[in-house]
Amino acid sequence: MNLINTLIAGVSIGAIYSLIAFALILVWRSTRVVNFAQAGQAAFSTYVGLSFEKAFNNFWLALLAAIIAGVLVGAFVEVVIVRFIVKRATSAATVTVAPVIAMLGLLGIFQGVMGLIWGGEYQAYPTAFSRDGLTINGSQIPFSQNDLFVLLTVVAAMSVAALIFQKTSLGLAMRAAAFAPEVTRLSGIRVSRIRTLGWAFAGGAGGLAGVLVAPTTFIAPNSFDLLLVFGFTAAVIGGLDSLIGGVLGGLALGIGLSVVTGYLGGSYTFMTAFVLLIVVLLIRPQGILGARGARRA
Amino acid sequence: MLVVRSSHKPSATKRTILALIVGIILFVGSNFIDEYRIFQGAQVAAYLVGIVSIVLLTGYSGQITLGQGAFMAVGSYSAALAVQEFGLPIWITFFIAVLAAALFGAIIGISAGRLSGPYLAGATLAFAVGIPALANAIPILGGEQGLSFDIGYAPGKYADTVSPYKWLFWICALCAIIAVVIAVNITSSGLGRQWRAVRAHETAAALCGINPARSKVMAFTVSSGFAGLAGVSFSATVGLVSPSGFTLALSFLLLTGAILGGISHISGALGGAIIVVIIPTVFESWTEEASLGVATYLPGIIVSALLLLSIALAPEGPSEALHKLRRKH
Amino acid sequence: MIRALKKRILAGVSLLAVTGLVVSGIPAQGAATPGVTKDTITLGMSSAQSGAASPGYNKVGPAMRAYFNYINEKGGVYGRKIELKLEDDKYVPTNAVNKVNKLILRDKVFALVGNLGTATHTAALKKTPIIKQSVPDLFVNTGYSGFANPKKYPTTFMYLPSYIMEAKIMAKYIKDKFPDKKVGILYQDDDFGKDGLAGFKAGGLTFVAGGTQKYASLSQATVGLTAQMTALKSSGAEVIILFGVTSATAVAMRTAAGLGYGTTWGPQFIMGSVGADPTTLLTLAGATTPALQAATLRSLTGALSLSFLPAATDTEDEYVKKFIEINTTYNKGVPWDNNVLVGMNQALLIVQALRAAGENPTRASLISALKSKGGTFASAGYSKLESANNVGYTGYWVGRYNSTGVIAPVDGGKPVVYTTDSSTANGDVAVSTFTRPAMPADGVPTNK
Amino acid sequence: MTLRVRGLTIDHGAIRAISNATFNVPRGSITAIIGANGAGKSTLLRTISGLKRATTGSILWDEISLEHLQTEQIVRRGIIHVPEGRSVVTELTVHENLMLGGVWRLRAQKEDVAAAIEEVYQLFPRLNERKKQRADTLSGGERQMLAIGRGLIARPQLLLLDEPSLGLAPLVVEQIFHTLSELQGKTGMTILLVEQNAMSALRIASQGIVLDQGRVVIADNARAIMNDTALRHAYLGY
């Protein structure tokens, strides 16, 4: 029973890792950049949501605002900064290093701006549903209505994304652009726009993840940094190129960490994530579902 | 690309003399500066060593690291443990820090040598988060409060006349000077040339008989040793070794300093260290009467914006860009 | 080559070291009292204005400043206006060293006041010239008993009753009111928590197997306390002590709610005074809607906590009444709560200490005045201030959260104040006979 | 609708890939550009399709100059480039690859895209058999068919084909070239074919252009080039 409880407890946080992994993978596929600024973008979007929450006292409006803010910020970052950086970094020595550092700079700017606007103190974010554990057969489990809401929302968001990717021509263009940008351009598709869209989608996913996770972590300018580390780990576990892999990686990580925390204690959480990441990178570099030979990007 | 341009840099002897002169200037100069500046000087020296470690790894060997703070932590904890558990004298612990961090770097380097770009960045990022958190899990490391690491006072009868800040500054500056001299010697040696060759073109370097994997692991090891020294200097300035001293923010700050100073040359490290220590201070004094928020966040924004700009305008670092400019004209 | 080089450097540097030691043997110049001018007295404070531990505590500094502004308006201290330099150390020890160094060395403050945190201040005492320059270090906002050690820290004065005192009083209360119940504890894994454990031990309180849980001080917001609270629940503890900062209490209570607290699980929670401010807890619970607010209040209702100050909602209290007035005028936009009360009360004590230090205060005169007269200062505290031994307040009363989030005395009526000392040799706790001095007229001290 | 290239110069950094090239590709022709490896053939096609920018010179199609248009705009003018290396999206299925070729006009001409895909399946029945398979499961020849098929979905007026024979078995090459020739006869489109395999290319081409070290050395009737032994020895190596 205890093991089952621990597993259940990991599902909803795993869903959030999946969402972050999804955002990172989307950006990676479109631009070959790991967006380390995603933590800042997500926090920024969540703050926008919190402002709406405070002004209108409506969770759903705030959620919508956070997602829209995420989309806009994502698109903005791609159009104004990333495009320029990617174009400039051409030599072998800089092409891999420059985007990473640029994203860190961006993260710093985001965090500073958030501090200026909203202050540095930890703020609570409300939930839409009760956080009391559900009762099943008279015993309470560590899974609340709100956890269920998080899980269902992530599943819904992923289903919509899957639908877009698999069934629409936009999705086709996005998949094609991810793997063969030149062929896609030669097919008459504006790849630069597809890129912007990828960043925008990722930004929206980040905003959604932020609002879903903020009630459990509080919100502060840097409160999503660790979420990013976990999201990245999840993405790598799944293989940075595979959206489904990232989603599964997130769930696996969430459940795995929950088990470790439950049985060994909270101090081992980060260490476990780190060891897991290194082991996956070394033993199966392409991730669980990733394509071969992708690791040395 | 493999033909690395012949260096017209001064020889090892000349460099040593130069370092001695710098040392004398700092030494004498430290008597005419107020204590807070001296304290900041010690911080600059500690950051300088940390930035040198990044320049070696990222600038010369081309391996990116977001987790240099973790190696610093390894060095610092080793030093503090050596004092606490074995009662070793402080000066020996500096060597222990270097060795422990280098050993650790070698182990990590063997795994990291297979990674590049964003994967390496992500792995070192997780490392930066994981290592300090581990300190909370191992009781002997003293949890969040950490371990004491006190370099104490100047020896003998000078204990009363030499202020602890001056003593601190001297030790940190000495470490920094030694570190820079050794780093410059490494980079102008065959080892440094190997690293740059691998960075420029791995396959081509391999065809020239360089083992890229070994070269990368070596760079990781050496860089980690420097990081260990940086960690122990840094811990000396605050008197303790604790997880909160080695945050992600520290790792990012060092990388920022390395980039802003110019990642491709050791000489940039000093500028980088000064920037990351001084900019926040300058802003604090400017915004004295303004709200606390501006003083807290504006320096971060400015430094990050500079980072972004320098990457956008000169992806290879300002010094490399200048060099290119010179070649053009 | 490198080895040869090293040898040369070492030789050169040792030579340098000798010269330098000679050169630096010049004595430091004496000067007027730092931080005191004809018109001003500058004080410094390093506290958590942002970061994980900041909620609640970040209101203390501004509240102090507000009270100082009030006094400045009323003529200051012997004509000198009080200025407070407030630094944000984020509750991180390495930052605290930086900030306190800045305050002493660059800003040259006259005294430090109200610095927050055990780990942070331990680091500051070790690596800044507080002791060497005899900087008065008044009313450290922590209950770590180790600071009340005039031999080691001659200039450091505590504010809170020590955690040992608090734990001893809690232990006595639990043994009296909940005999034979299984007791569990969640504590912060540093000197703060260890001090508390020592006090519980002295008070003879034993914990149920598996009922001793800890958390790392900056981790609770990111990792959560699920593992700890689950363990406490399965240990079968019927009385659970939360001995941590406010954000940890918030996370713990929320986690408890998730585990069925209030419905299927009904332990008695007792919160340490440090982590029990109701308004901060409400804010941290994210209670933006009335419904959520009510739910949070429900989970708090019935929990016990300790305090040495009047409840912030006790508007009948003369101190509270005046402080609310000052807060309204001089601390605009900040809602009145317990944290503001703490800040104002500290500021009131500081003003009296500065007055007692004389018309031409020096660091030494401030310290000796506080030592000799601190016990007579007027303040809102219900227990005595033992400044003679660098100790802060010396007692607590036990209260229970009612359904409006206010801590009211458990037995109704006037609070019963228990007093003890920081000795870990015994658990002796007595009911205090201390009578609180009256509020100075208009809240402006006139003491000498 | 003739493709006119005038004084075109293209640089790769410090290296001159194409130097002052001038030639015409008449409407409805199959024109083969031949030359040794590194002669600048692929660069020429990449510049026509807008993937690369010319240093100087002009490219006119239907009296519209192409050299400042984006690739997507050039595609919309009926110029489709099938780059070398059997360029398909290996992560997509055969059918999706074909769809990709029509995404840009899907909204306006949905039915025609479907029809075009159907025509490609008739042209290359093996693609029809494998339409649900991922492109990385195809053989080399099938991938080349898919790459060309993807180009045909746009109903090109000018098809730029880069080394369709590269690395394929002679029989497969024969089949592909035969199909191309037939297709050209049916639709009347213009094909600009870049080949190292000069004989096969010239056999179906009406016109040949020989590039040597970035320069156009000959632009003539395909048959004439084939019959000019001296020229073959000098530039084509047989």
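Each chain carries a letter (A, B, C and D) given by its place in the written order, and its residues are counted from 1.
Everything that follows uses one rule, which is that contacts are C-beta pairs under 8 Å (C-beta built on N, C-alpha and C of every residue); 3 or more make two chains touch, one makes a residue touch a chain.
Predicted model only: the values in this text are computed from it and were never measured.
A.B. asks: Of every pair of chains, which is linked by the largest number of C-beta contacts?
C.D. replies: Ranked by contacting C-beta pairs, first place goes to A-B.
A.B. asks: Taking each chain's centre as the average of its Cα atoms, which is closest to the average over all protein Cα atoms shown?
C.D. replies: Per-chain C-alpha centroids compared to the overall one single out A.
A.B. asks: Using CA atom averages as chain centres, what separation in Å is found between subunit C and subunit D?
C.D. replies: Computed from C-alpha means, the inter-chain centre distance equals 78 Å.
A.B. asks: CA centre of subunit A versus CA centre of subunit B: separation in Å?
C.D. replies: 31
A.B. asks: What whole-Å value do you get for the distance between subunit B and subunit D if each is reduced to the mean of its CA atoms?
C.D. replies: Using C-alpha averages as centres, the distance is 54 Å.
A.B. asks: Where the CA atoms of subunit B average out and where those of subunit C average out, how many Å apart are those spots?
C.D. replies: Computed value for the inter-centroid distance: 36 Å.
A.B. asks: Could you say which residues in subunit D touch two or more other chains, in rising order?
C.D. replies: Within subunit D, no residue contacts more than one other chain.
A.B. asks: Could you check subunit A for residues that touch two or more other chains and list them?
C.D. replies: Expected reply: 115, 119-120, 226, 265, 267, 269.
A.B. asks: Two-or-more-chain contact residues of subunit C, please, as numbers and ranges.
C.D. replies: 49-50, 88, 216, 219
A.B. asks: What chain pairs are in touch here?
C.D. replies: All touching pairs, sorted by chain label, are A-B, A-C, A-D, B-C.
A.B. asks: In their complex, what parts of subunit D are in touch with subunit A?
C.D. replies: 49, 51, 70-72, 75-76, 80-83, 87-92, 96, 99-101, 103-106, 150-151, 154
A.B. asks: Under the touch definition given earlier, write down the residues of subunit A that touch subunit D in their complex.
C.D. replies: Its residues touching subunit D are 169, 172-173, 175-176, 178-180, 182-190, 291.
A.B. asks: Give the list of subunit C residues in touch with subunit A in this complex.
C.D. replies: Checking each residue of subunit C against subunit A gives 49-52, 54-55, 58, 88, 90, 215-216, 219, 221-228, 230, 234, 247, 250, 254, 257-260, 262-265, 283-289, 292, 295.
A.B. asks: If we count contacts the way the header does, which residues on subunit A are in touch with subunit C in the complex?
C.D. replies: Counting only subunit A, the residues touching subunit C are 2, 9, 53-54, 57, 115, 119-127, 130-133, 135, 139-140, 142, 144, 215-218, 220, 223, 226, 261-262, 265-267, 269.
A.B. asks: Can you name the residues of subunit B that touch subunit C in the complex?
C.D. replies: 12, 16, 19-20, 23-24, 27-28, 30-31, 34-36, 39, 133, 136, 143-146, 148, 150, 154, 158, 161-166, 170, 174, 177-178, 181-182, 185, 237-240, 242-245, 247, 284, 292, 296
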